[in-house]
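Each remark here refers to the structure printed beneath this line.
As written, the chain order gives the labels A, B, C and D, with residue 1 at the start of each chain.
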């Protein structure tokens, strides 16, 4: 890459180094130490992001297996493959894992990996916090699944309504594990959200003003803000739940002045934005993939950004449409109907912009684009059934039936998993340096698309003809039998699609075509570095002059230089214009995030059994945090070495 | 991490956890009777000729099982145990959350008391409550004075909070008081 | 009766006699006339105490005045007697002739003490040997509220539902009649009343879903003469042509059926475990009916006739004359079984024959005892669950916010389930014209729950915890002027008052506290003049009598228990706020203040040697 | 289009001459091991009460909204499914009440509009994907810039699209409000009040009456006079449940500590099925109730019969059965009015034999099913609160005889 002189941005205060020397020195400074110790203490956002992605996919597969188990049970009426107890645990684990351990983390994982690359910085903000968040997330997920295997899996549904999940009706520790898992994952999610927000707002490459931020990054930014406002609600409610269960508080005890509906309000105040927390990053995938494969810049950048922001705000205004059946005042319900309907407008705008991009582009139908098209086909249907759900009268019929199951799978699988698969096909070369097989990709898409629709479309009808959700069994003769069998068949096809995907990944990791820096000819900054990217991301921080930098600066990106190479250093820029402001050191690898995460794990798991764990558990946690933040004396470098 | 010793150690820990969890979390609505239920099987006092027989290990299936304890708590209310013994503080019947036991504190003793009734007012529930449910009630009765594992003992109910829940009741070391007439501590 | 008793007639005594006779005559012109006991129901005092309420008017007033405001300071123990039973001693001792009769709680032993001998040695003991299992169906300690004496026989009830006649001279059993079935939860704890050769007995067990009744047994043979149920069809309730209630809401066919959900009256309570009075002039007995079952009111929509009210019946046939339902559709276990004091008093300038009743719900009711009309109802205690009684309709206005709810704790309801005042009877002194009401100052939290009827087990459906009312004192003795309809004075007590009161012509009021103090107050001012600490808490009924030596004695049983003292007698665990249906929470410290006991204390002035 | 008639189980057809007569008779012994008896148990379609079949069987098309036909075309996915959709005793698309009718109408409207929108999107997508392009062969790269006129056209398109979306959404919202208000207004005319209390896992139903002894309780069945709006007061005793009879109305939750209300009206006779629609634990799946709409006079007759206490047993076997019932575990949980059994843990059994189903809609009522249920409830409804009582075969026969007489 030919570097333009960008010294007008940065004051040079050390000797200039050659390209190779810079590279080597940066590598030495930023590389994660080798060995197990290094692996455990890594703070590289790409490593952490990769771990997040892999872990989330493991959970995805596990939860998918549970889904298959449920479909097998429901394939026919009066089946006894699963006992009600086991079935209740399974559907709870399925929902909980998909929502808390797969969907949100995987979206954040992509943000962790990609956002620093897309905004052109060397590391994510607060990298130790980032490592910590992963360990906490991992601990929470492992805890939940170990509990499940030990027959302590939660059995009260992923939204754990009280009083069913309360102390009286959920004896034992099952619901406690659920509640603490929520706390674990929300701690992780909040940490990531803070990192993303700071990375996006302060670490963008010079010149990447707000109107040049890639839409994926916009999506993640809005998402992160939503996380910051939504997640505390569920953390509070799950903590209230565990207090009710463990120390006998009365938050949800209607007899003593608590309220069972309080739980629902708190939960859905989180739960509905949660859907957008999953969906908005996915729109970011779509907005990244589409221009690349339509081979034209995205249409309606501003409209899309505004739609994202509008969705982010509106997303907080419609939680009550999950509670239309609870007997709340009609006037209030009407407001939430309006809000729920209104959110169709920004979504519609987004759809139009994507269609328009495709319309005016010169599409190349590679697998990522196939998934995006699948996304539009499915998500729009899910969105439209969502409009039905926004209507109080219609919702009163289809709420908590298989219609809703169909709806949210259309929205979540269609709206998030399809783009996610597209994103994997799209960024796999960047992550691994190898391409996924396009042929297998097509099969993957085909099976997935067909299987999905066969599995979930009949559920719309099932719901309308009276099948409630979360039933472990149903009687024959109500007209549900054939559709359920069809649905199960679809699920098997869907699973086959996932198997193809796994095979594709497995094979391509070793034998896939080797990818160059920018195999798709994309326009954003992550393609401006090697595949996979070096530990320091960029040899020189790029300078951005437009929304599609790699297209607009086809001859090579302008860069700035002047950051230290002997220590980890980042360039901070201003919030709006991304004008360089200051050089900021970035932390070294450290084992303390892991230790602190362990301490948190002990505290959280201990508090399932005794409230005293909060007291005694805070001691190791304090030790961990002290170690983490222990100030290091400035290293003896008489003269900083600058690129 | 690959040292076999460590692996087997962690496996052992896991196995112990698993056992404890399985015992605690199993939801077996049928239940299975613990030992013999006839009066002959149960000693009321603590004095034995020869060696006393050890307690039935299957007790744990009830006392350590959260579901059975919770069922016991529900049945305790449904079958009007609570109208005589209140929420453990006692009323017409003696308190159940304290440390004194007139007719024995073992699960089998309590079972026998429920089945047989006692002369000073405790009604007999023979044939009225299925055996497994009596075991559940008996186990719950023991949880009221903290005799069962805390992790399995019930939490508070969604009702008037009369006292700290069983899981927070400190264990009262059982003391045997003499069974007998109304004059003795006035217990039934 | 021993005629030798009537021989000493002092000047004061004569005055007391003159008063009731004089008062009605001047009713029209003397506006602020005093209340006087119904003359026919309160014959001149003979120095004996032949029924727990002293007389048919239930005044519990002794005309003896040897112990008076001047001399009471010297009062001292004359003798004691241990009953050997350490449960709650609620009974009133009886003194007839030279013998004192005392009955214990279960096992209901009856002792006759010879008062002629120094130290009153045991004359005989009668042990009825009631079924031990009956203890399990006695809601609130296995008490007994006393025996009745008539025609040389002592009539007693046993906990397991028997009425027994015992030869007074020998302690020999004459007859026994089994009236209640403990397997349905029926017990008998009340003191029988003998009227016109009939022993009136009612059952207990309103907390067990029994069907309440009052029955009349032939005093000679023990045969049932009539039996009136308090729920069910009119034929069972003995409602016939004579029935003429004052209020329209008490009129209608088979209200004992139609004001209940189907078949609920069969287990609807309405027992008669409290006091009965008798007016020989009108020839009517008056008795209350206890709470409907279960406590949870939502399980029994409707007025739940004939529970929670007052019946006037003909003693010969049992036929009802009138009924007034004090608490229709009772919300709070407010049994209407308290004492019924027959007084003649001026109401709006006219003398009326009334029955006065300090009710559980906190009002002193004054009813016309001929018609059942409510003449007044005024609060004597702290009340927030109702706002008053409409004298036109007789309706009690309830406060909706304090109505119990299923699955919801309704907080701070005053008065509590045992009421502002429970069974423990007041006394009336014609000298002061005041009613001495021992009562409580408690409030409660209540949560209704579904009650399951299982025969032989309690049928309640409520979780209750009680606590001290405003002011923090839990007991109070109020002197109530039924004419002025106001409190004359009152004395606060730390613990709830669960003993009866006795007033005497010495202008004294005697009562006991749950810590064990036996106290004498100045009847006019409430000033405490004397106190004595007995061995256990006092929940009994003090009496006064003239001994064979001619001196005045005051006797009371000491032995804590009853609902209020259950925490001590049952050794209940106060950590559970609902123990003893919530009473334990209000008296959690009682265990630190007293222990069980069962001793008769008899006091007298020092003999002038 | 022929409607599928539910097939009654062999054990339930004609209770008089019980085809499962093996339960009766001298020599028959009910095996403690239920291998023999359980195959007799049929779940699923419940037998219709006399005279109620017609309504269910009749095609619903006469009541459908006009756009229904158009919407049918959209059911490309499975025509058979679409057919079935219109007939069902638990179907939101086969409304028999005004509330459900309004909602179904609204749903068809939404379906029509939204299906059209979906079609437009799909067409646009298709065209966008495959339309011929002038510069198809141009390479991607830095020179590529969107052309201004196209960009302007698209922007205009976007504006139109947004306005269109808003208009559609606004219209639909308006219709939704209108229907909501409409349904609310229907509720003001209720003539009869029923109180439904949900418990794990059955429905306690109380018919209120100003005269207390004309109120009564039943379980897992609601009977209504046709055409009479009925106010249903909804309470829950343990956890949250949801009351849902799709043919009559949408669902309303039953929440501990709260009292909800809904109003239902059945416009034609028939038996409909309702089911708990909020997850409530082990047996959420088997918590159903029967709603039977009957002519007013039949309803009144039924009501009178329900008010009566239980029939006294007439023969020796039944008397023995009553004795067993009152002396065994049955009495701890159930009420049979007129006897000493008055516990409220389980359903009131005073008129159990007159109900269409047992175990909260799990099994159709028949003596055989009842036998299986009493013998081993945990096999039929694992985790339910009904324990295995362990009656001897003889006792079971007697209890069956007794209960079967409780019409």
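The definition used in the following text is that a residue touches a chain if its C-beta (ideal position, glycine included) is under 8 Å from a C-beta of that chain, and two chains touch if they have at least 3 such contacts.
For each chain, UniProt lists the protein as follows: A = Cytochrome c oxidase subunit 1; C = PQQ-dependent dehydrogenase (Methanol/ethanol family).
Every value quoted in this text rests on a predicted model; they were computed, and no experiment measured them.
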Chain separated most widely from subunit B, comparing mean CA positions: A
Centre distance in Å when subunit A and subunit B are each reduced to the mean of their C-alpha atoms: 47
Chain centre separation in whole Å, for subunit D relative to subunit B (CA means): 40
Whole-Å separation of chain centres (CA-atom averages), subunit C against subunit D: 55
Whole-Å gap between the CA centroids of subunit A and subunit C: 74
Residues within subunit C bordering two or more other chains: 407-409, 447, 452, 454
In subunit B, residues with contacts to at least two other chains: 27, 78-79, 128, 158-160, 164
Set of subunit D residues in contact with two or more other chains: 256-257, 282, 331-333, 343, 345, 382-383
Category of the chain touch graph - line, ring, star, complete, other: complete
Touch list for subunit B against partner subunit C, complex: 77-80, 83-84, 86-95, 97-98, 100, 117, 119-123, 128, 158-160, 162-164, 181-183, 185-188
Sites on subunit B touched by subunit D in the complex: 27, 29-30, 78-79, 127-133, 158
Complex contact set, residues of subunit D against subunit C: 208, 211-217, 235, 237, 256-257, 307, 309, 331-333, 335, 337-338, 340, 342-345
Residue numbers on subunit A that touch subunit B, as the complex places them: 36, 85, 146-147, 149-152, 163, 166-169, 171-174, 244-248, 250, 252-256, 609-610
For the subunit A and subunit C complex, residues of the former touching the latter: 254-257
